[in-house]
């Protein structure tokens, strides 16, 4: 087995606040293989977007990585000096944001924004960069790209703008693309197209994808593996099919219960009772224990670490601990 | 409600205790206000009683005995032998009186017009807001000067002296009402569309009651902020107008008048006549401004 | 585009009409023009004749129409106090005010924008904190006090610069300029600093607030995520977007400089229109007051119009009709 493209180990992100240090990400570990699509799900506030921001080195101060390491092809990138990290961004890691309406600078044409990005990272002429930009826009499905390239962002519809954003994220051919809720702000009718586009174009270029979303349906259709985050901790990670069909963590099970399917003749979705704990009020032990139907004493006192499970899976739950006699 | 009010109070109090700037600013402005209010009792001299003035004492530098009389004044005297410290205390009293009155006037006017505009809507609203827009695009000092000029034209010369302070208050007040009106109008429009207000109107609750119980409490914070910053602005406006010679009459000098008088002695070396009133004015305006700034941040943490 | 400009011009004309109405009311209803113009010893017959000659017996609407007609040709009558045509008085003093306002406007804009950008980009630096605190003092310091302070330090104590008047002036056509002589330029220094300082603080605080707002937007985050260098992100993307709202408000600020010149001109005995206005207020010289009001309104309206057009040039989102025409 080759070394993973991206390897995140024990990632810890903290925010100092007036009332003490808040730990927003706590000991998150996962790998993404070359060419793989890793889906990352969780409720809002679970730390999905923060993980993406930490990887690309754009945590909002005063938030910072206070522990663990992030490696890209074996090379540590979490402690690079700012200038070196800047060259990683865009060049080796691309990012697609949630809202295409606000991701593009309204005062510059699409051409100006793409050409600027290409020429920042590679030594090409203006004309060459423009040719590349048009080809790329064409590839992401902008009709009449050669003409539309000189339009301003507000001339494009939401879906078209997200295509432009994808073109911008991919214009220097990064090895990893982080897509942070790339379809949430879009019309339902174009969501599938955009997801397909991201998947196809990354496959073409051999880029890996970290797909952050709260939509299990999107993950099911797109990702190779899925990581489930809960309250800043990794709950479960494994191949998409296995996790969906046979979730091991009670939280994941609840999450799967909330996907409506056409075949399932259930008239209501299963909802997990309660809400995710706030970061400044984390329960002792497993973060999920107050909402978990299967919680027992150990869950309330001792925090479970991810446990290796058969089939290249991991789950952070005492129910699956080798010595556990419960369940 | 009471408990809510107390919680709000304590949050504000907490933020106050943890802001050294706010504490110092409050201390300075309170000291000046107290000293000014109490000036008839605490001022060492009554500078406006000709009977107690000794012309020989004129131009006494601070802390030095006068060459002829040997009298010592803490901050010196002006050309007529008036004690600078006393003139500052009396001047600050007048400046503060004009400032507070002008803010009160613009507050009452602004809140009333804002409520009318927001509650009535329609053409009344458009008309008032248009006037506000036009007025806002001109500097308030210009508006105040204009109003002052008009008043001078309307009031017979015999009454000009006695009316001057009131004219000043109206002129400054009229130039500052817009901020209040805008905030109150916004709140009134938001509240008006809420269902419970609609319901209250349907069952015939008097609008005045709705305004008093729902709208005014909501705008207390912003109104307080505008009033505080408005006080600083009004003090500066009064000083400016008096400095320009169109404010209070010279027989009743405010801080601005004192600075105007003092400017004449800058070149002849009597620096204390202008320096101390200037420091007093700056301390007053700055501390009130800082208080207003702090209040705005404390009531609306998002603005930081 | 044309429709937009026409609409703006129509609005401007409306504002001018309203101001004209105020001016006219001043003229007509404040004090008795006949009494003011003729003095105590005029005979009753003379008074009646003058009333007739001034048109004061006509219907008010007709008088207003006549007033506007005269105002449009620059005829505001004779100054009560100086017994000279008002327009002549104003024109002879206007160059002094315009030169002063222009220099302080440029000073305020250049310094205000630079300091605003600096403090926004170095938000946590000690120098920014110092600049911000100083600016608060600047806001609280009445303009006239700044002037007096500058006179004391630079004219009385150091004797570097003159404290009053314009110095030597050179007449070019009707324009008397102080910019061409050394004493004229020296005389400009203290007044223009006095006049510009307050506007500078306002512009600086505005630029800082807007820039901080822009730096938080998604398109700035996306620009960073594409690995653009800080210089490009700050000055290429953030600054341009900051300037859009700043231009509007700054334009209006520059307009109010002309009005604020009243104070500065009094402090420095600057022979401009502001000093003329103050004297006219003291002596209730209504024709001069009315004319000054119209002049200031005209300057404001013109600046407003220019600012709107600038805005239009900077922000492509406003050029919607052109875009529609193209697609």
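Just so it is clear, A, B and C label the chains in written order, and each chain counts residues from 1 on its own.
The rule we apply is simple: contacts are C-beta pairs under 8 Å (C-beta built on N, C-alpha and C of every residue); 3 or more make two chains touch, one makes a residue touch a chain.
Bear in mind the structure is a predicted one, so any value in this text is a computation, not a measurement.
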item	value
Two chains sharing the most C-beta contacts	B-C
Remotest chain, subunit B as reference, centres from CA atoms	A
Subunit A and subunit B: spacing of chain centres that average the CA atoms, whole Å	55
Centroid distance [mean C-alpha coordinates] between subunit C and subunit B, Å	25
Subunit A-subunit C separation of Cα centroids, rounded to whole Å	53
Subunit A - residues contacting subunit C, complex	56, 58, 86-91, 94-95, 97-99, 102-109, 116-117, 120-121, 151-152, 154-155, 165, 168-169, 172
Sites on subunit C touched by subunit A in the complex	217-219, 221-230, 232, 236-237, 240-241, 244, 314-317, 323, 327
Touch list for subunit C against partner subunit B, complex	15, 18, 26, 30-31, 136-137, 139-145, 148-149, 151-152, 156, 252, 255-256, 259-260, 262-263, 266-267, 277-278, 280-282, 284, 286, 289, 293, 296-297, 300, 304
Residue ranges of subunit B touching subunit C (in the complex, touch as defined)	134, 137-139, 141-142, 145-146, 148-150, 152-154, 232, 236, 239-240, 243-246, 256, 259, 263, 266-267, 271, 274, 278, 281-282, 285-286, 289-290, 293
